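The same chain A turns up in both complexes below, where it pairs with chain B and then with chain C.
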Partner chain A sequence: MGEKMLFAFISVFIMLNYGLLINGVIRRIYARVGRRIGVPVYQMYIDLFKSWGLRTNIRHGTMFYLGPVFRFTGGVGLFLFMPAVYGVALFTNFSFSGDLLLLLSFQFFGTLGMALGASESGHPNSAIGVTRGLAQMTAVEVPFILAIMAVAIQYDSLSLTEIIAAQQGGILHWTLFTNPLATVAALLAMLGAMMRSPFDVVLAPQEIPIGPPTEYHSNYMVFLQSNRAIFPLAKAILFMNLFFGGALTIWMLLIKTFILLMWPVLVGVSFPRFRVEQSIRWFLKAPFIIGLLGIAYVYFFLK
Partner chain B sequence: MSIDDLKKKIVTSPDGDEFEVNPMTDYFCGDCPEEARPVKGILEKFYNWARSESIWVLGFGTGCGAIEMRPLMTPRFDAYRYGIQWRPTPRQANMLIVSGYLSVKTLKRVIRVYEQMQNPKYVMGLGSCTINGGMYYDSYNTIKRLDYYLPVDVYVAGCMPRPEALLAGFEKLKQLIREGNAEGANDYANRFEWYKANQKAVILNWDMPDYNW
Partner chain C sequence: MSNLGWLLAISGAIMHFLYKTMLFQAVGGVYSRTHDRMMYRMGGLIFRMPMTFIVVLIGIIALSGVPPLSGFAGKWLSFNAILQKGYYLQGALAVLAGAVSFLYLFRLIHAPFLGQLKDHLRKVKEASLWILLPQYLVIITIMVVSTVPGILLERIGKMLAKTFPDGGLLWVESKIPFGARTAISEYGYWNGTYVMIITIGIFAILLVVQMLLQRRNKKVGQFNIVYSGERPSTPETTHHAYHFYAHYSKALGFLMVPFAERFWDWVSKQVHDIAHQLRQLYNGNGQTYLLHIMFFFLLCYFLMNGGF
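After this line comes the complex of A and B, so read on.
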């Protein structure tokens, strides 16, 4: 167990650094699309140290403290309970036989934690941001859960390790090719889960100053920034495991997650922002129907 | 908010209970700011380097100078490459650009915003109006010298200063931060009475607590 915990620490540390760097790269890409040069790739580190170095901070109560902690737990928990690299002890983490269900709850955990924390700050913009965030997350979960159900039925398992194992043996064994409809539904849901345009009105920097984290600063901000590095990466790893055959080496992990993270970026730089009710309607139309078709496909063609 | 909103009042809860609310103590903190001493040695130098390379500017345009900040965010001048980023909330920002003339009404808001920012925080006075009143030198409702009311780290002169001048101002500020000389927040805490007296001398309808943390 001690060894496993050490490995978990190391893998979280590696992923945190990778996430921070990749966030820098993504900001750079956004800037280049807007014909700017953009922040240095390592700017996230400096921001982290700067926030850490603030000399004063404001307290609003216990839940205000716990909000960013829950958010961070959501990100790290999502990462820790799935095998990042299949068959490598260092990156197997704490995956177990029913981990898929736990991972689904971790998706929501951080947002709920922030809802409690941000509400205690008493700032109306936080409350508006959280309400928007939860409403949108609920709509995102619908096609995503349908896709996951399709995968679970297809492989008769709720264990990520078994799902990855079933996809080994060549690229045509990936869920991407065995059940493309579920993959498409999940990829569309991923757009909403990544907090990038067109689904980033939750963080809306103009209309409601940055939404839930309005009141958060200094060390709270460090937690939120670290989570923003780990959480999207953990989600990308989850998608990689479910639909793209998992990873057998660390390099494969890095390459696959990078490509997966570029998908919301590609959409994000191309499309303007939806309002919340527009995005909810959007998720409950095409992605929802494709998700249902994915399950039907499993029943009629794969069983 | 008006002065009447800050008086004690009896409020009825949704359950029908009646209780007294004193906004000045219940909604606000009455404590004065305290000096936050820098940590000593190499750690402070490292923090100062990080602070200088990651300046988060509060997006708050007070006067016509705000128009000069837009070119800084867009491709032509792109201040992001120097680590200067815009944040929409005073809690996270650590730099306030007072962009141009400051009417007494706006000064009140600027003070509230400045006090909500966390130590260390920096102020840049942009344009001649913040230095000596500029073209508003004889106006009855604009302030003439910003540093009577807030501790200013850098002034950028001109009417209007071009974005290049602002970038030069940012570089100067970075140098001050790295040298450990940009301690405006501590100065504000140490000379709090002096600043407050100056502020109250011009803001006649003072309808807020003395320190808006």
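After this line comes the complex of A and C, so read on.
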């Protein structure tokens, strides 16, 4: 167990730094699309240390204080409950604890804690951000669950390790090619899960005093920014394992997750923002139907 | 019904009974102090009734099936049972229901307990010990079952194996210490003890880091929030708790309208449309009526002279 814990620390440390650098790169891409020069790629480190150094240090109550801890636990936990690199002990993490369903449900751990913490601040904008977030998240889950269902039926398994193993042996064995409909449904759901435009009204980055993190400042931001580095990366690893054949080496992991994380960025820089009710309707139309077709495809053609 | 189906039904009934008992008692405790049933009129009760808040917190985490608490066992079992039987679409609906349950459960904790403390609740006391005591006994039970799910599921499974020998869970000793047993189904696996230990482990490490980072953390007053340079003073206008999921009612509210209502709305719209067309003929204008009379005479003239 001691060895496992050491490996977990190392893999979390590597992923945290990789996530921070990717976030820097993404900010730079957004800037370049908007014809600005943008921040240096290491800006996220500067932000972290700046937030760390701020002297303002207040809380509205215990739940407020624990909110970022819940959030970060959710991000790190999601990463640690799945195998990041197939067959490499250093990155197998604690994937023996549970299967795909554990990952699906554990995503909500951080969301719930953060929502409770932000709500305790008593700021109406925090509560509005939370309602937007929860409403949109449930709609995003619809196509995503259908896609997961299709994958589970296809491979007769909920174990992520077995799903990765079944996709080995060439690029044509990936779920992307064996079940393209489920992959499309999941990729559309991924847009909503990554909190980028057109689905970023939850965070509302332009209207600064709106969204769940309104009241979180200084040292709380250290946790929230770190989580924003590791949580999307963990989700990208989940998508990679389910649909893109997993990774056999750390380099393959880094390349595949980078390409996957560029998909929401590509859509994000191209499309304006949806209101929450628009995004709910959007997820319940095309992605929902494609998800259903994905299950039908597995049921009639692959079984 | 299969072995897993029965296991889900029996264990689910037991666990649901525990959560709901606890939540109803907690709500009863709140009512006994506030004498109010409207959630949006409350707010900020966490500062007055922290023990009841903890009960509701654990209740909603467990009920919405978020690991590491035992509600997840029900979710996991139901998904496995559904895959085993091939009820795919029902399965997707069941998992989705778990996500949606978040929405209403969050209202239960947000509206009364979080947000701004209302003026008329400033002197409210914690619920009495005799209401809290059974709730905490239930919490202890939930925590034990969440940490070692085998004590409930494995025993029920053994009883069921006599009637339904196939398709049950397999309990395997794991190689790593603590004596935790992993539940293995036809499709997946799950070890409640590990999930609990790992989650608490990560949480504890991060909490220690946060405490080190924030050694001088101070609690601030109620209205000390970032509010565009203003300082709000009335909790009623600052606590967002009414019409909470406005987005959903905007997006999908039309589904809530009964069919009969939509049908009669359609009928009345058609009647209005036809009447509107008729109004083009009988529009109340004398000149149009004179035109009608002229057309009538023209028609009579043509008919009397042998048609058109």
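Please note the rule applied: the second predicted complex is superposed on the first by the 297 of 303 C-alpha atoms of A that agree within 3 Å, B and C clash if a C-alpha of one lies under 4 Å from a C-alpha of the other, contacts with A are read in each partner's own complex, and residues count from 1 in each chain.
To be clear about the criterion, a contact is a pair of C-beta atoms (placed from the backbone, for glycine too) under 8 Å apart; a residue touches a chain by one contact, two chains touch by 3 or more.
Since we're looking at a predicted model, the values are computed, not measured.
Look at A:36: by the touch rule set out above, it reaches chain B but stays clear of chain C.
Judged by the touch definition given at the top, the superposed model places A:114 against neither chain B nor chain C. Of the two partner chains placed by superposition, A:202 touches none, neither chain B nor chain C. By the touch criterion stated above, A:57 is placed in contact with chain B and with chain C alike.
In the superposition on chain A, A:153 makes contact with chain C only, while chain B stays out of contact range. By the touch criterion stated above, A:191 is placed in contact with neither chain B nor chain C.
In the overlay built on the shared chain, the residue A:215 is in contact with chain B and with chain C.
Touch criterion met: A:223 reaches chain C, while chain B stays clear of it.
Touching more residues of chain A than its counterpart among chain B and chain C is C. After overlaying the two complexes on the shared chain, residue contacts for A:46 are found with chain B alone; chain C is out of touch. In the superposition on the C-alpha atoms of chain A, the part of chain A touched by chain B in one complex and by chain C in the other spans residues 55, 57-58, 209, 214-215. Residues of chain C touching chain A in their complex: 44, 46-47, 50, 53, 57, 60-61, 64-67, 72, 75-76, 79-80, 83, 88-89, 91-92, 95-96, 98-100, 102-103, 106, 109-110, 114-117, 174, 176-177, 182, 187-191, 194-195, 198-199, 202-203, 206-207, 210, 213-214, 216-220, 222-228, 235, 238-241, 244-248, 250-252. By the touch criterion given at the top, residues 36, 38, 46-47, 50-51, 53-54, 56, 74-75, 78, 80-81, 83, 85, 87-89, 91-92, 94, 118-120, 185, 213 of chain B touch chain A in their complex. Looking at the complex, you find that chain A touches chain B at residues 31, 34-40, 43, 46-47, 49-50, 53-58, 205-206, 209-210, 213-218, 221.
Of all the residues in chain A, the ones that touch chain C in their complex are 1, 4, 52, 55, 57-63, 65-66, 68-70, 72-73, 76-77, 80-81, 94, 96-102, 104-106, 108-109, 112, 115-116, 119-124, 127-128, 130-132, 134-139, 141-142, 145-146, 149, 152-153, 156-159, 209, 214-215, 219, 222-223, 275-278, 280-281, 284, 292, 295, 299.
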